[in-house]
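Below is a structure I'd like to ask you about.
The first chain written gets the first letter, and so on, giving A, B, C and D; residue counts start at 1 in each chain.
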Amino acid sequence: MHARLYRSLYRIRRVEEEIARVYASDKIKSPVHLSIGQEAVSVGVCDALRPDDVVFGTYRGHAMYLAKGGDMAAMVAELYGKVGGCTRGKGGSMHLIDTECGVMGTSAVVGTTIANAAGYAYAMKVRRSDAVVASFFGDGATEEGVFAETLNFAVLKKLPVLFVCENNGFAIHTAQAKRQGLTDICARARAYGMPAERIDGNDVLTLRDRAEAAIERMRGGEGPQFIEATTYRWREHVGPGQDFHLGYREQADCDAAQARDAVRAIAEMLDPKERALIESAVELEVREAFQFAEASAFPTTDDLMTDIFTEEADALANR
Amino acid sequence: MLSPTAKAAPRPAPKPAAERTRSFVEAVREATEQEMARDENVVLYGLDVDDPKAIQGTTLGLPAKFGAERVFGTPLSEDAMTGAAIGMALAGLRPIHVHIRMDFLLLAVNQLLNVAAKSRYMYGGRVNVPMVVRAMIGKSWGQGAQHSQGLHSFFMHVPGIKVVAPSTPYDAKGTLAAAVRDDNPVLYVEHRLLHFQKGPVPAESYTVQPGKARITVPGSDVTVVGISYMQVEALRAAKYLADVGVKAEVIDPIWLNPLDTDTIAESVARTGRLLVVDTAWTNCGAAAEIVSRVGEKLQGEVPFRFQRMGFAPTTCPTTPTLEDAFYPNARTIAAAARDLVEGRKTGWLPAERADLQSIEFKGPF
Amino acid sequence: MHARLYRSLYRIRRVEEEIARVYASDKIKSPVHLSIGQEAVSVGVCDALRPDDVVFGTYRGHAMYLAKGGDMAAMVAELYGKVGGCTRGKGGSMHLIDTECGVMGTSAVVGTTIANAAGYAYAMKVRRSDAVVASFFGDGATEEGVFAETLNFAVLKKLPVLFVCENNGFAIHTAQAKRQGLTDICARARAYGMPAERIDGNDVLTLRDRAEAAIERMRGGEGPQFIEATTYRWREHVGPGQDFHLGYREQADCDAAQARDAVRAIAEMLDPKERALIESAVELEVREAFQFAEASAFPTTDDLMTDIFTEEADALANR
Amino acid sequence: MLSPTAKAAPRPAPKPAAERTRSFVEAVREATEQEMARDENVVLYGLDVDDPKAIQGTTLGLPAKFGAERVFGTPLSEDAMTGAAIGMALAGLRPIHVHIRMDFLLLAVNQLLNVAAKSRYMYGGRVNVPMVVRAMIGKSWGQGAQHSQGLHSFFMHVPGIKVVAPSTPYDAKGTLAAAVRDDNPVLYVEHRLLHFQKGPVPAESYTVQPGKARITVPGSDVTVVGISYMQVEALRAAKYLADVGVKAEVIDPIWLNPLDTDTIAESVARTGRLLVVDTAWTNCGAAAEIVSRVGEKLQGEVPFRFQRMGFAPTTCPTTPTLEDAFYPNARTIAAAARDLVEGRKTGWLPAERADLQSIEFKGPF
């Protein structure tokens, strides 16, 4: 399990570092919201999911997409705006999808996918499937009305949704306490009737355990579960750089978070040889992903007017 | 470019299956029931769909027939419940989400326009979002500012969601079936006053697909396009006009997106006059769009004159004296059409004919 | 105080009974959502408010409007669609307002005025006023996202808003438990950091006391307070009649509520002479209100295009 | 009827106060600062208005100057925060509520259109709702489906809210001041690419009131109406057209509701050709409305030809090859205008002039 978790963590970390590095070249035709520092949340939860379980997330979605098994080359190509991208260049970094491994979408409008996840879970229930849904969102999203509405609905219908709040303490540059009268997000979940627990989002092993337990409860029909994972974003809100010069947060907080880096922590638990093997495989995958992106073509303008509706309807509309 | 076109003839009138008459409400209920029986993925939900009044009867008996999982009432949470429809659709269900007032859609447009309408495109064609949103327009009896709006133009403005506004029981049934089977999101506009209409409705299942408008009255002097409930008023207006020798051609667009511009433009090319009557405001409304499209088709070839009618450009008042003036009706439509035909303000307003009176809506609210 | 409370309770009860009686005649040009049975909630809270405090409510707003001192004749004329109405026939029963006594509006879209109330309270804070705002809404409204959003904002900014949930157990014909996974509305308020208590909404004396205490705390800068008042609607959701034949609720529940009727309870605490005096004064007011409504004219069509914008702008728009 | 009209001449060009040049961002900041200093009831708030990036600088220094009570960031709660603006306005404050993307307004339209726009009317004129909503349209650099929409037509459709879309720093300052002093709700449309524009801005406070459009380039061959950022592209297009001897008259409507139809119609009466370019979809959009209104004014009197341009009728893609094709630009506008003038498809597209290139937006996102 450690090897698996490490592979997943390292894979996300490395591809995002590479994205940040390449960024200055302007090859990436899209804003990027990096997860560097927050990888363990996606990795811990997704590791406890089955392939037929699905996830919904946000514009800060690289980690979730990859942790659930999303195709790395298709993701990088998407950032490059190429036809080989997971949405063929139409969605960019903020709208990743890989339906084959259960990545059901990420949205640039905060909070929206929380409700989509509940709807998907409703379908699972109607179908008597024991597949579950994980919904990833930030601390900021818990202030949107749709969050409260969805929690109530999920409890009412006992839906198999694992709500995962990635609490990195900020919405863009505004700290949680400047936005929330009471900063106890779990209390909100409980007030709607849902078991909730707050977990250190750097502690990938505990997180994985608790997620697994919650998922088991859901498969057993106990209804929605809530995890608040505390974490820290190392880079700026959007873009590849640092932002401590802005003054809205302290370098010291980042240093503390980095001292507890899950990627390094798990690395240190591995046999060095095993670790090296994983790392070189990931390096290769990353290199190939960027090569794939470079080699892939840009869409042609013919693609502008497809996929609005299903094909037949697009034809009717464009006749 | 969006202009979908029926190069061939417009939609023929449904055969007057005199043997079977149903109300609009029954037609909606029947389509829902048949689609739910046909495809177990169809689910029906929304505020109060399972309550004793059953959304004016349109959902009557369905909870018992299909069970509480496939037919259910919801919390008062329009935003999340709309988002849920999208999630259901992504999972392969075909939700029908019902709103007793279109005004409440303003709480749902983030999910409808930012997510549902865009998902297929922004995910590069990798998903379908088959969902139907039934939304009702209120009118009369003091519905007032927040219970009377026709907001279909918002959904025509943003690409990615189809819009249909049937005016007869026949089309109510056929378009709802088509909407449910459509792999794209569809807004189904229902006018509360239409619920009372009766007409021929075949028992078997059938669809009225997008693509073609229907010429409901052929004529040669003026083309009158009536949207949703205004189709009923337009048909009445045609009778008032016939009384004074004006032959109106009345068109029901049925589907507003995709819109069959060709049938309308072809008619205007013959009549030289276009009157579009909407059950909504005209400013940036469907009427503006139809006028613009017909202009795009005919300019430089056939000159024509036009007028738009719809809600008065103000908020809907409750008191009847003002409410009457807020809406177009058969007589004001007839008057406008005649003025268009004569090319001047005639000042004519037909005396009310008892057989052509509008139904006053009086609850259930 | 008992006399004052009784006058207020009786006034609401009687005018609504009269509305229900007249309704069949079609003189009332508007749907009506009667408060009969629920009067004590508005009366208890509004009695603890000062004239310069304000209230916001819902389409079921007759009781709140009258309890806060709204002009009865203007309300009845409004239901008749007359120019003498409180909105000159433009708003009807669902949009009552009387700014002179602090009735700041009622809305037909569930939940909307909750946020409006918070904004008004924000203005009071900026102005260093010690006036407070009471926000009335139903149990159904607590399911709308705007409710949660507003609670958070009110706590964050310590706004002087008294949130009053009139919990009559139903939203139209759907019972609370069919709509809420956990039916503890106070728990939601507390999860956002607000003191909350559930009070028997028929017990007008206790309600008044607790409201007064909450209001004092607000004037002292302690921020928003929450009261859930349990109550029961005797009539149908909308319209003048009964609706037990629909089968969604039991006559027995209504009987139980009627046995604890606040109007009768307070009446019985009064000296019979005092009570008679109050009642005859109210009867006169009611009679005069209906006479005023009958005598008032309908607006003329000139009024259709006024009040969209301020006068100047309407003139520009109509030029 | 809604058609507001400037019977007199259109708005004169601002005097080129060569002495003082400011950016659009600075103009917005300056108007806000001056209005806040002038009237203590003005408050400024919205997500991130008090953060280090200060909404591209438009709110820079204002928290320090006016204090955290009058300038504040908010939770991520667009619906409630919009409702709060209405409550503040009812209490006599004059809130300015800022949204960094117009797309997010879809979470706020219930309060804006069901409550703010209707309050004055439905309360019989007993209240004012003086509030300004600043909403930004994104473009370029992969903003994509949900960060690029121009939804101003929704606010033009529903009566009761004014809409303004300034394109120059001069108008940005003057219309914002006018909006803040207006007793009605106003939607203030800001295009992100305009933020970079520089131009003359007087230091003193002034207002640019509704009522009059501005003729920004006089011409005789074709009338080009450019809305918001498309005004900039239209001005560039006029230069491309001048290169081939076509004299375009360019008009900036500035205020979209009330809309100065007269100035546009009078121009079209002279040129006989109308091209409306919007930074939004055309279907039921501002372009449809302008075309319809000009038609209403001129039909039967002056024949004219027209075309609408705007977003392609699809969802906004992120990749540059598709994104470029999604938007009109100076060259495609010039091509369309020339085709209108020549009355045929000429196939002409001007070669790009380096001095007329569009700015590519590249963050801060």
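Assume contacts are C-beta pairs under 8 Å (C-beta built on N, C-alpha and C of every residue); 3 or more make two chains touch, one makes a residue touch a chain.
Since the model is a prediction, treat every value here as computed from it, not as a measurement.
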{"item": "Pair of chains joined by more contacts [C-beta pairs], B-C or C-D", "value": "C-D"}
{"item": "Relative to chain D, chain with the most remote C-alpha centre", "value": "C"}
{"item": "Interchain centroid distance [CA atoms averaged], chain A/chain C, Å", "value": "45"}
{"item": "Rounded Å distance between chain C and chain D, as computed from the means of their C-alpha atoms", "value": "40"}
{"item": "Separation of chain B from chain C, taking each centre as the mean of its C-alpha atoms, in whole Å", "value": "36"}
{"item": "CA centroid of chain B to CA centroid of chain D, Å", "value": "31"}
{"item": "Shared-contact residues (touching 2 or more other chains) in chain C", "value": "85, 89-91, 95, 107, 109, 143-146, 149, 152-153, 156, 179-180, 305, 308, 317"}
{"item": "Where chain D touches two or more other chains at once, by residue number", "value": "1-2, 74-75, 77, 79-80, 103, 107, 110, 114, 121-122, 144-146, 159-160, 312-315, 317"}
{"item": "Pairwise touch network: line, ring, star, complete, or other", "value": "complete"}
{"item": "Residues of chain A defined as touching chain B within the complex", "value": "56, 85-91, 95, 97, 99, 104-105, 107, 109, 112-127, 133, 145-146, 149-150, 152-153, 156, 305-310, 313, 316-319"}
{"item": "Chain D contact footprint on chain B (complex, rising order)", "value": "1-2, 79, 103, 106-107, 109-110, 113-114, 117-118, 121-122, 144-146, 149, 151, 153-154, 156-160, 257, 280-289, 291-292, 295-296, 299-300, 303, 305-308, 312-315, 317, 343"}
{"item": "Footprint of chain C on chain A - complex, ascending", "value": "143-149, 151-157, 179-182, 184, 187-188, 190-194"}
{"item": "Residues on chain C engaged by chain B in the complex (per definition of touch)", "value": "29-31, 81-82, 85, 89-95, 107-111, 140-141, 143-145, 171-174, 178-180, 238-239, 246-248, 298-301, 303-305, 308, 317"}
{"item": "Chain C-touching residues of chain B, taken from the complex the two chains share", "value": "47-48, 51-53, 73-80, 103-104, 107, 141-147, 312-315, 317-322, 325-326, 363-365"}
